[in-house]
Every structure is written in structure tokens, then in C-alpha cells.
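Down below are the structures I want you to see.
Next come two complexes built around chain A: one with chain B, the other with chain C.
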Partner chain A sequence: MRNLKRLVIVFSLVFLLVGCNDQKIIETLGLMSVMCFDKATDSVEGNMLVTSTFPSITEESNRKETTIDTIAFSKKDAERKLAAKTEQEIVNGQIRSLIFSEDFAADGINQIIHSVERDQEIGSQVKVVISEGEASAILEAIPTESTGNYVDKMLRKESDQFNIPYLDIHYFSRDMHDDGIEPVAPLVGIEDGEVVVKGAALFRDDRYVGKLTIQESKLLLLMRGKVKKSDLVIKIPQETGYRTLYFTYNHSKAETKVKKKGTEIEQVDIHVSMVGSLLEDTGTKMNGNSSTDNNEVQKLIDGYLSNEAVRLIEILKEKKADSLGIKGYVRNSLTYQEWKKIKEEDLFQKIPINVTFSVILQNKGMLE
Partner chain B sequence: MIRRKPKKLIKKLKELNDQQHSEPSLELSLYEQVVNELEGCSDREDIHFPELQVNLIYFNHLVDKDRFQSEILDPFYHVTKEELSSLLKRSFYKPVADLKEVIDGILDGETAIFDKERVFLANVAGGEKRNIQPSETETAITGPHEGFIESGETNLSMIRRRVRTSRLKVNKLPVGEVTKTNAFLLYVKGIANDELVTELTHRIEKIEIDAVYDAHMLSQLIEDQPHSLFPQFITRERPDSIAAGLVEGKIIIILEGSPAIIIAPSSFFDFFETGDDYYQRWLTGTATRLLRFGAFIITIAFTALYVSVTTFHYEMIPESLLTTLAVSRSKVPFNPIYEAFLMEMTIEFLREAGARLPTKVGQTIGIVGGIVIGQAAVQAGITSNVLIIVVAISAIASFVVPSYVMSASIRLGRFGLILLAGLLGNLGIMIGITILVIHLSSLTSVGAPYMSPLSPFFPKDWKDFLLRAPYKMMKTRPTMARSSNKSKQRND
Partner chain C sequence: MSEKIAPFHLAILIYMIQSGVTLYKLPRMLAVNFGTNGWIMVLIVSFIVIINILLISLVIRFRIGENVFEIMEGLISVKVMLPFYMLLAVTWSLLAILVSKDFILITQVLSLQNTNSSMLIVILMVLTFYLGMKDVYTISKATNIFFILTIWMTLLMIYHIPHTSFLRLTPFIFKEGKNAVEGIIQVYTGFLGFELVLFLFPYVDQSKPKWFHSVYYGHLITTIVYASTCFMSYLYFSLDQLKITSYPVLNLIAYVEIELIERIESFVFNLFLMKILVTLVLYIWASCLLLERAIPKLSRKQSLVILIVTGMLLSLKVNVMADVGNWLLIVGFVAAGLAVGLPIILLIVIGIRTYRGDHRA
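Now for the complex of A and B:
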């Protein structure tokens, strides 16, 4: 009997909490799946133009997408203003992409990343995306009725193929705060009225500073660490036209070593080893007998990648974007006092970086 | 719930009973006293043999008529006055001297024989009873099909035939001040724990109630925590399950007039086991068992999860599913919690109506319910499609639990969880489950922990818990039976 009383008491205590709830019944919600940030100039209401899209369900139980925009001072301010423009309760728990225009991101996106990281409703599936040109134009260019989902799937696919950098906002935010590495983000753009994944966007702290093509972005990922499965189309100039190689690698890893003389940093070595297969080669005649010389192709790919790597590092140094995390490796090889002493703005530009590749051709497809 | 009568009243009743037996003056003969006692019982039969000066008193419908004819009437018709005393010396005729004993004997179906001042009881008890049939609440696919019936003796015989050892002991304990129903307490000496036997005997003897009609009623009278939502003794209707219980060192209680037989002590997880688990291959048996535990979780929490997710936690669901949910709920005018209660209630109505109605009308209810729930409710915009699926799955899952009593308890618990989910979302579900776990772990069944072997943790018993291990591995009796003889297989 005493147990029963206790149970009843505990059960009824729950009712005291009832006032503390915040009901969000799904059909009343406007579920934002994407938020676009553009720069708003000459406006007194705010400095950003925020466009968002969310599905609304009509009387006939059909799904229809609504796009609205507003000018605001901050992300939360924008949400409030967007909510005022619709009958639905605007929520951001299903948000998947934050698309920033180049102009907007060049001024820094720290404030918005912070706001997203603080929000308890937003999980780790949010992506930071940079768009060439206006961010809101991306939404208009997408053909389907569920825009957010489209962007999400498109980027996820590219990321799974190691064409563009990671998508998780926590990684972005971590790299943003780390003094040893700068964040990168996927870059999208519009070509002939269609949305295309363009490559990677480079950041210095929270500011957008430059971009890489898909090919460069792949190389960046190769030099940063492990890549599970991806491919490269390699074009080597010949006397007449190009020789094209299609190299798919299913395993690649990068090792970074810091060479020191005393406390002086001499050089940073990055060694990338790749294992894969050659599935296309326009330089050989495709008859089973005349096999391509493995060593020759390996050297070709090797040379090509090394050249490209040098070019990539030049771009990075020019943009002052240490997306490879070189500073981090240097920092980790030193004591904290030493690191504090040599830590300066142009450290990354000063350090010589040497990239070597070792390519192993496992097979040439089904040919042999 | 049956209230126990206040002690005073029961004492009075007892005194009254005793008075009835002892009051009649000494001048009356025992025969006259019995006749007085049975005054007004028009179904009583009274036969006189004037030349023998013998009277018989019995109830015609309580005796086996053929045996009565051949074993009692025939001898008395043919015996002479001189031979009578030698006839009555046979052990078949049990001499008694006490009025109470005579009355009890007659009510048990015995025949009282009055020869001048001497009284004898002759046992030709019989009467109508149901034939042995397969149990309806505990059907078997593999394994023996016979089920218990309402006759205690028949049930005893079915058990004795399966456990053929002299160590199978039976205590007869009458229950009920008015009904004097016989309860039989069975155990295998040397395997069952003696303390448990004493404790259960004591509990049954302590019951002071007018009547006990069914084993489920008896089990509520001897439970450790009668206020709990959950039954603490499992009842079975198949002799093979009972035999298994006896051999495991458990104690069996048969109640006269009830086809259900109590196994004590029982754990919560016993309610999810069936005989089929043991007769099928061990992998199939294990899979079925896991399926049942899965069904338990679904039946208790699935509707609650729907309510909590649609009311509070939209961010938990993948976007594509969310759209489906939102579309299906868009026409519904109610909050998810009202919607869920409405549908759960409808299902309960249907179940209850179906359980009580005769089969032919029951089918009509099934069709009407199917249309109402399946189509009309959705088309009218009262509920959402997804909720119908959720409620239907929970309802089906609730019937996967083999014990009807347990299944009913779980279904009731589900309503509490839905309410909490509607008020506080996932936090509410967590609070509900926490209360449930605390309550279940605090329960005991004749002192044995209800949640064993999960808590307290008895690793040896896990071979017959979530999985039904191969027989070669199951070498020990369950810990909760506290058997003095722990091993049930030779250790090779």
C-alpha cells in the first residue's frame, strides 16, 4: 500500500511539469530545410537577406513549397521575421544546409555558425555551403518541390565520393576555432540555369577567401588524410592533344612529417600513397597483348599529381588559407612555448611544403 | 478486486458455523442431526432399508450413479441383517463419529450410511464434468494438446501421469469459509524449496474469505503485492508446462473448479514463455522468444512514441518520413494525444466486445470495426493513416504476449505511457519507463525477485531467458526456485 501511494505521488508530480512543455505539433510547423544568406546593402532593417523554403500542406493534403525572404540583423532575428510572414510556426530542427553567398561569406560567418551551434534543435546534419553569386538564386534554380532535400542529397553524394570536403557543421566550427587549420566548405554554383557542385570554398578563420575546382578539391582531400574511394581523370599533354587516364583509387592515405633543425622548421613533407586501378587510358591501343607498362603509368600519375600539388599549395599560400592544417602539424611537433613564439600571421606562407606521391596500380580493370 | 472481510465478521461467521454443528442436543441421534442440518436441501436423497434399520443420505448429482448402484445399493438389497455388520467392516465403509465430518463427506459426494448409532461414509463421488479438451487460452502447435479442466482430481491425474515419482507430494488445503473449495499444493520433495512450500501453505491457510472460484482469484489472494498492475504468479492450462514447473523446483497450486493452475514463484519473463519454445529447435525457439520481447516493447511504447514525436520532437524524424506524417495529420482536428486515445479506446472497445460476444455476432463486430477503423476514420479526417498503422501494430503486438493476464496489464500500462508522452514528450516516456522499471524490480513472487534473472543478475539463468539454449547447456534449475538440488543434468 505504501508503494502504491508513492507511485501515485510520483505519477502526479509529473503533472506539475505540464506547464513546462513547448508543443510543436508537426502539421502546424514550417520546417525550414535550407537557409540562404545574402548581403543586404542600404537597408535599415538589417545587413543580411535571408531566404528560406519550407513545405506547407494544403487542404487536399498536397505538399507545396513556399519560399519567403526577409532582411534581418541575425539568424534568429530572421527566423522571427520569417515566421511573421506565414501562418506556420517556423522551426529549424530539420535544417540541412546553410547557403552563403560569396559576398556575404567574405565578411565572415562566425556569428551565424555560433547561433546554429547553440541551437538545441539543430543537429550535426547541417552543412555550410558557399554559393557563387546569389545564394537565393540556388533555390530558384532547383527543379524539384523539395529544395532542401535536393541540395542535401546532391552534396551528400559528392561528399561520399570524396569530391568535396566534409559537410558536418561541427567540423567546420572546430576548424574555424583551431589555430592550426582553416575550414573548407563545399561550393555550388549555377551553370546554364542548373545547380552544379563547383568544388571547395577556402576560408581564413570565418572569412571566405577563395575557391578550388573539383579536381583541386579532390587533391586537397588526398593530401589531408584518408580517402576511401574516389577517382581522378588525368590529362597529360602529348604532341597531339592529350592522353587521358582514368584512375580510380579505393585506398589512399597521407602522412605529414615536420622536419626540424633545432627549433627551426625546415620543411613539411606530405607523402600520399594511393592504391587503385586504371580503367581508361587513351594512350594505348586496347588489345590484350600490348599491355601498358605499369611503371610508366605510375610515373605519369605521380608526376601529374606532384605538379598539381605544387600548384594547389601556391593557391593556398596566395589566399593565406591553411586548409591542409600544416600549422597544426607544426604546432604538434613543438612545445607550447615554442609554438607561441613562432606563431604569426604569415607562418603558413613561410614554411616550405614538399608533397610526394606513391601510386600503386593494382590492376587495369578487367583487361588482364 | 475482492476485499477481505473484516476479521470480526469472519469470526462471527465461523462461530455460527461451529454452533450449527455442535448445538443440537445430545438426545438427537446423529441421523436426526444430519437430517436437521440438511433441512431444506430438497436435492438430498434419503433411502431407508426398514428390515436392516439402515438409512442412506447422499446427493444424487454428486455421486457416480453406476458405482452407487453397484457398490452401495446392490449390497444393501442383498444382505441379510446378520451379514450387515460384516459388510460394514469392509474398508470401503469409513466409520465416522463427528457430525461435521459426516456433512463434509456428503457435500464431497460421499454417501452417509446410518446403522443404528454407527455412521459410515462410502466414497462413490462422481457427477458431471467437462471432457479433457485442448486449452483455448493456451493453444499448442507442437507438443501435447490436452488442457486442464475444472475438476481438480482429473487435473491431478494428468500431472501424476507425467511426473511419476513418489516424491511428488500433494497437500490438500480447503479455501473459502462458505465454499470450502479444495486447493492442492504440489511439489517434488528434494527439488522444491521447503521454506517456499511452508510459506505458500501458510498463505493459503491464512485466507479468510467466503469463496474462491478461480485460480486467478486465489493467486491474487496470496500475492506479495496485491496492488501491483502486474500478476505475480503465472497460471498455465497445460499439464506439460506444469510438469516442467514441478521439475524446475517450483510449487504448483491446483484449485478445484478452475482449469488454470498456478506456478510459484514466477518471474516477469515467465509470462513470455510457451511450451512451444521448448519443443521447437533451439534456434527457432530463441527467435520466437526474442520476437515476443520485441512485441512487448512495441506494444508498451510505440503509440506513446508516435504521440511524443508528433507533438514535440519533429527534429528526431528523417525529413522524408516527416512529410508523410505531416501530410497524414494535416486534416486531423485533434492533438496527437487525443487522436491516439480515441483510436486506442476504439481498439479496446472492439477487443472487449469481441471477447464477450458469441462467435457469430463477433464476426460482425470485426467487420464493422475493420471498416470504421480502417477507412472511415481516416476518410472522415478524424485520425491519420499513420496512427492507424501504429495502433494496429501495438494491438497485434499485445496479443503476441502469450499470457492474457499479462497482456491486459501491459495494455493498461500503455495508456499511462501515452498520457505521459502527450504531456512531456520523450521526457515523459522516460519518466514512465523509469517508474515501470522501478516498480517491476521492486516486485517479488513469494520472496523471489520478479525481474530475475535480469535483476538481480543470474548469468546461469540466461540460458533460458532471452534465448532458449540447447538442452545440453541447460544444466541447472532456475535460481529463483531456490532448489536444494541445483543440477538437472549429468555434468559430462
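Now for the complex of A and C:
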């Protein structure tokens, strides 16, 4: 028993002491919370302009954000150069988001993604964001002190409401390496000096190829799979002005089926079924005799969504971005030899995709 | 010293010897060597291992003599066996040292980069020495505590369920793989440890006739943990991503973010030390038995020191991740050969002795 005790003491003492060997003192650290990547042209110093912010702890210990930038050839090169510009030791373990400008992302961000994944200090829940215009402008427009957290929270809120797709480093890398789907990133921009979530950024492999509005990205999410809870504002043109419907749905499911004729792929069917409630309708003048007709509303929403879906698929096909993962469904319906044969062709553009909706109105709020 | 290991504890002991740091690399090994749906291979190899365990159970059932040494020495004299014992002892202790080096090197990817790796290994060896000094019953008791402290980690996988998709599994089986033979050896080495039951059985409580079943149960726990982790990895990573991720299971753990702690992987990985320690101690313990049989004058303390020092000297130059990997592959292959070969040799010896008319114990 005494020996066992001694064992425990040796165990803990020795291990605790070794921990002191690698020290990091928090006051001397510059904890980067965000990194912005812009394209740098005509510079011998590098091809990317990297901007980062970190809290600087002054003598009065009031926290202030310092923003610095540098031109570099790679992410790590940038970190080294940023560190040279400050008295703090720059560490990247607290990075929350990476913001890429459209120009930069259009050339491919593979290199950065792999650099982040290789870095053991950085976790895999780091958000990847695309910005309209300059990425560094986003930093300036954010009002709070903790920039990285702000972007992180804003994106999490939006993706929880199923307005934009959720995306972190792991998701991006996973879809980039998958031959059946392409990544979709959130897109932010600046409107009147405020940071706004604009929609979704489409990728082909690691290259940014196009963007979707919020409304389109909602539809994309509907067609991609399960949506827990979201809403749609539907504008239908009338003789005078618009009829606006507000439809919130709690359950939505998408089923994707590949139709084959022998070994040829005929078409891909996506069927979206959604259940929800109507909470606004500007089209009907209600009185005691007439109420909103369930079937009519369902048809209206159905028709609207079908039209939009056709438009969305045209956009995707034009950009050659298989954000819906259609190729994945096709792959899983084939044998390996068949898949290998057709894999390299521009499969996604060729396959006709048919989207159908079934909308069920569960209730109409507190009015009939 | 008269206390015996209960069958239930034997099962846990077997699981703890088997599972080790291989788990962290296993999904990647499967993806590289077998390609799509490589996780199925875990089940197939596990089945081969069961046959291997069956061989061992036959040895134990038909044994003539109290332990492995008595079986062998009934036919071949100790002097002839002596170099063989020594060689076996050195192989196993080398394997143990390599496993611990592997563990330390992965630790240093995560933390303690500025510390000299040999210092960490020496610390680990001090722990091994202390635990190795105990009798096997005490080791098995300690193992039980280690088991409780580590088994819950498997449940962390629940966190990943929302991030998985069956689409990524693909219907293709073992396509885009590179080297199936090497892969099978690697997975097999991941299961190694069960062969130590050949040396453990004299210390097990054999009052229940079905005590050997617990070896299968131990192996079953290992299979479940391995297979479910690999299956989860195939659902969570895409195939090409899995191929380039060095330690997929570390990434899995790193993805777990709870409100309280954010980067739990460095904490969880350190808990793995206990699993490594059990593997280490049991292999060294078996080596000690062999060495002491060869040179009966040695005390436990002396033989422990000799084996640990020999193992460390032999692997002195092996300090880089790639080297450790290659050495582990070779030594692991030898150890796998031993796991299959030993029971077969023992069965032949038993066969000859039965034919000669030796009495069963």
C-alpha cells in the first residue's frame, strides 16, 4: 500500500513538473481572433494581404483591439511577419474565423485551408467566411472589441436559423476532398457601414465561383436535407403590387432519388416536403364569409418554390458548383466501374434535375 | 501472492493490453490501405484474431504442465530454449518501448514541443518500472481503475452524430486502396496483446470452467471500440480527407467543443497514457518472466532494468515519427508472427508429448 502511494506521488510530481517546461504567459501573448485574406497584387513581398486583430493589454489593463496587416506568401509567413510588428507573442490558438475576400478566394484557398488543418494549435471549428469587397474592411466595420467572436456568433445565429449553410474548417476540407459535393460558405458584406450576412458563396473545389442571396441559400438548404426551423417571405406579383406571404416551417425533409434507365442516368429527383404555418398574408381581404383557402395558399407557395428552384439550379449549373451534392447521390447509385467512367465528365451540368415540393399548412396562426 | 485474477478482470486486462495508440491512426491506415468502407476490415481482422485466440485456448485446454515453460521444457531442455527465451524477451520489450515512443511523439505534436522527448520517455519508464514491480494481480487491479478512467471516451462519439452522413460511406467496398497486405498486418498489430494470456493463465482464477471466455469478451470490447470509432470516422470524414489526416481520432476529439472546455483533445490524449502504460507493463512483465526463466538468478528489479535499458538502447536512434512507424511495422509484424506461431509450436509440442505418453497436469 505504501508503495502504491509512493507511485501516485512520483506519478503526479514528475508529470506536473514537466508541464512547467513549456511556458506560455498570457500577458505576453497576442491572441489572434480573426485573420483576413485579401489579394495583394504587384508586390514582391508576397501575394496575400493578411490583416489580423488581437487584444492588446496595456498598463491600465483596459482591453483594446489592435489591428495590423502585412503582405506575405503564406499563412505562417504572415503570422511571422505580424509578430515582427508587435511587442506581443502572436499565437493563433484562439482564431475564430478566417475571412477571405472574393478576389482572393477565386484563386483557390486550398493552401490556407491545409495550413490551418496542419496547425495543431487551431481547432477545427474555425469558421470560413467570404466577404464581398475587401476582407479587411469587415474588421473595421465590426463595432465590438472582440471581432472574431462577433463574426463567429453572427454566423452561428444565421446558420441556426437555416438562412446560410453552416461551415467550418472541417466541413470545408471535407467537402473539398469529397468527389460528390462542393463546399458552400457564408457570404458577408458591408451595407451602410454595417456588417451584414449576404447569403452563400459557391465553390468548385477550393475556388470561389459565385454567390447566392439569402433567399436562394435558404432554398439550397431546403433542397440539401433536413431543416429544423426556418421561414420564407414569399412575394407574388398581383395586378397591383405584390401579395406577400410569410411562411414558417418547422419540419422540412428533402429526398433525392436517382432515376436510371439501364446504366444511363435519366434524371435526379429532389422532393422537398415541408410542414409549417402561415403567419402573414396581405392578399386576402378577410370578412366573415371568406377565409384564406388552404389549398390556394399551398399551391401558391408550391408554385413559387418550384420556379425559384429551377432558377437556383440554373445558377448552380452555370457556375458548375455541385453544392447540392448531386454527384454524391449519383455515385452511390452506381457500381465502382461505372462511377469511375463518368466521374471526370462534367456530370453535374448534364444531369437533368427535377425538384418538386409538397407544402402542408399546419395552421394559419390565430386567424382563419 | 496467492490471489488470482478474476475472469471479469481478465477481460478488462485483455482489452487494455490490446487497445493502444494504434486507435489514433487506425482510420487513416484503413482509408489508405483499403480505401472505401475500410472499417469493415476491422471486423474481418477481428475474426482472424478470434481464430488465433482459439489456438491459444486449445493450448491451455490440452496443456501438460503448469505453464508455458513446463510445456516446452518437457520436450526440449532449458539450455536449448535459453536463446529463444532471450530473443522473445527482447522482441517484446522492444515492441513496448516503440509503442511508448510512438505515444510520446504524438503527444509532442500536441504539446510539450520544447521538451526533449527522451526525458518524457524516461518518465514513462519510471512509471513502468514502478507498476512492473508489482505482482500481476495488483497490475490487474490498477488496470481496472485505468479502464474506468478511459472507457468513457468512446461515448464522446455521440457528439459527432449530427455531423455524419451515410452518403460519404459510398456503396463501394475496398476500392481505391493501396496496399491491402500491409494494411492487414497493421490492423492485426492493433489487436496484439491477447497472446500474453499464454503467460497469464497460471495467475487466473480457474475455478469456473468457462473462465477462458473472458479473453473473447476482452477482444470483443476492443473490436467494438475499434470498429465503432472507424465507422464513425468514415461517416465524419470524406475519404480523401481521411487519407491525409494523420490522426483522425485526434481530430474527432478535437471537434468536441463543450461550453466549459474548448480544446479537450490534449486532456483526453493524456489519459491515453494509462492505456499505453498497461500495454507497456504487461509486455515487459511477460519479457521478465522469460528472462528470469533463462537466468533464474535475476530478481524482478534487475530483469526490469535490464529489459527497459536494452529496449531503449536498441531504439536509441529511432526518434523521428517516420522511423518509429517503420520500426513498429517490422517489430509489429514479428510480434504478430509470434502471436500466431507460439500457440502452433506449443500445440505441436503437446501433440508430440501426448504421443510419447506424458501425463497431463
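To be clear about the criterion, the second predicted complex is superposed on the first by the 345 of 368 C-alpha atoms of A that agree within 3 Å, B and C clash if a C-alpha of one lies under 4 Å from a C-alpha of the other, contacts with A are read in each partner's own complex, and residues count from 1 in each chain.
What we mean here is this: contacts are C-beta pairs under 8 Å (C-beta built on N, C-alpha and C of every residue); 3 or more make two chains touch, one makes a residue touch a chain.
These figures come from a predicted structure and were not determined experimentally.
> State whether A:G148 touches chain B only (first), chain C only (second), both chains, or neither.
After superposing on A, A:G148 lies in contact with chain B but is clear of chain C.
> Once the structures are superposed on A, label A:V10 by its partner contacts, choosing first (chain B), second (chain C), both or neither.
both
> I'd like to know which partner A:S33 touches here: chain B for first, chain C for second, both or neither.
Only chain B; A:S33 stays clear of chain C.
> Considering only touches as defined above, state whether A:S124 meets chain B (first), chain C (second), both or neither.
In the superposition, A:S124 touches chain C alone.
> So, A:E318: does it touch chain B (first), chain C (second), both, or neither?
In the superposed model, A:E318 contacts neither chain B nor chain C.
> In the superposed arrangement, which partner chain does A:K24 touch: chain B (first), chain C (second), both, or neither?
Touch partner of A:K24: chain B, not chain C.
> Taking the superposition as given, does A:D293 touch the first partner, chain B, the second, chain C, both, or neither?
Touch status of A:D293: no partner.
> What residues on chain A does chain C touch that chain B touches too?
Shared contact residues on chain A (touching chain B in one complex, chain C in the other): 3-4, 7, 10-11, 14-15, 18, 21-22, 93, 123.
> Over in the complex, which chain A residues touch chain B? Could you list them?
Residue list for chain A touching chain B: 1, 3-4, 7, 10-11, 14-15, 17-18, 20-27, 29, 31, 33, 55, 57, 59, 61-63, 91, 93-94, 96, 121-123, 146, 148-149, 152.
> Enumerate the contact residues on chain C facing chain A in the complex.
109-115, 119-120, 123, 126-127, 130-131, 133-134, 138, 163, 167-168, 170-172, 175, 236-241, 244-245, 251, 254-255, 257, 262-263
> Quick one: in the complex, what on chain A touches chain C?
By the definition above, chain A touches chain C via 3-4, 6-7, 10-11, 14-15, 18-19, 21-22, 93, 117, 120, 123-125, 170, 173-181, 325, 328-329, 331-332, 335-336, 339.
> Under the definition above, what is the set of chain B residues touching chain A in their complex?
Per the stated touch rule, the residues are 225, 227, 309-315, 319-320, 322-323, 325-332, 335-336, 416, 420, 423-425, 428, 431, 435, 439, 442.
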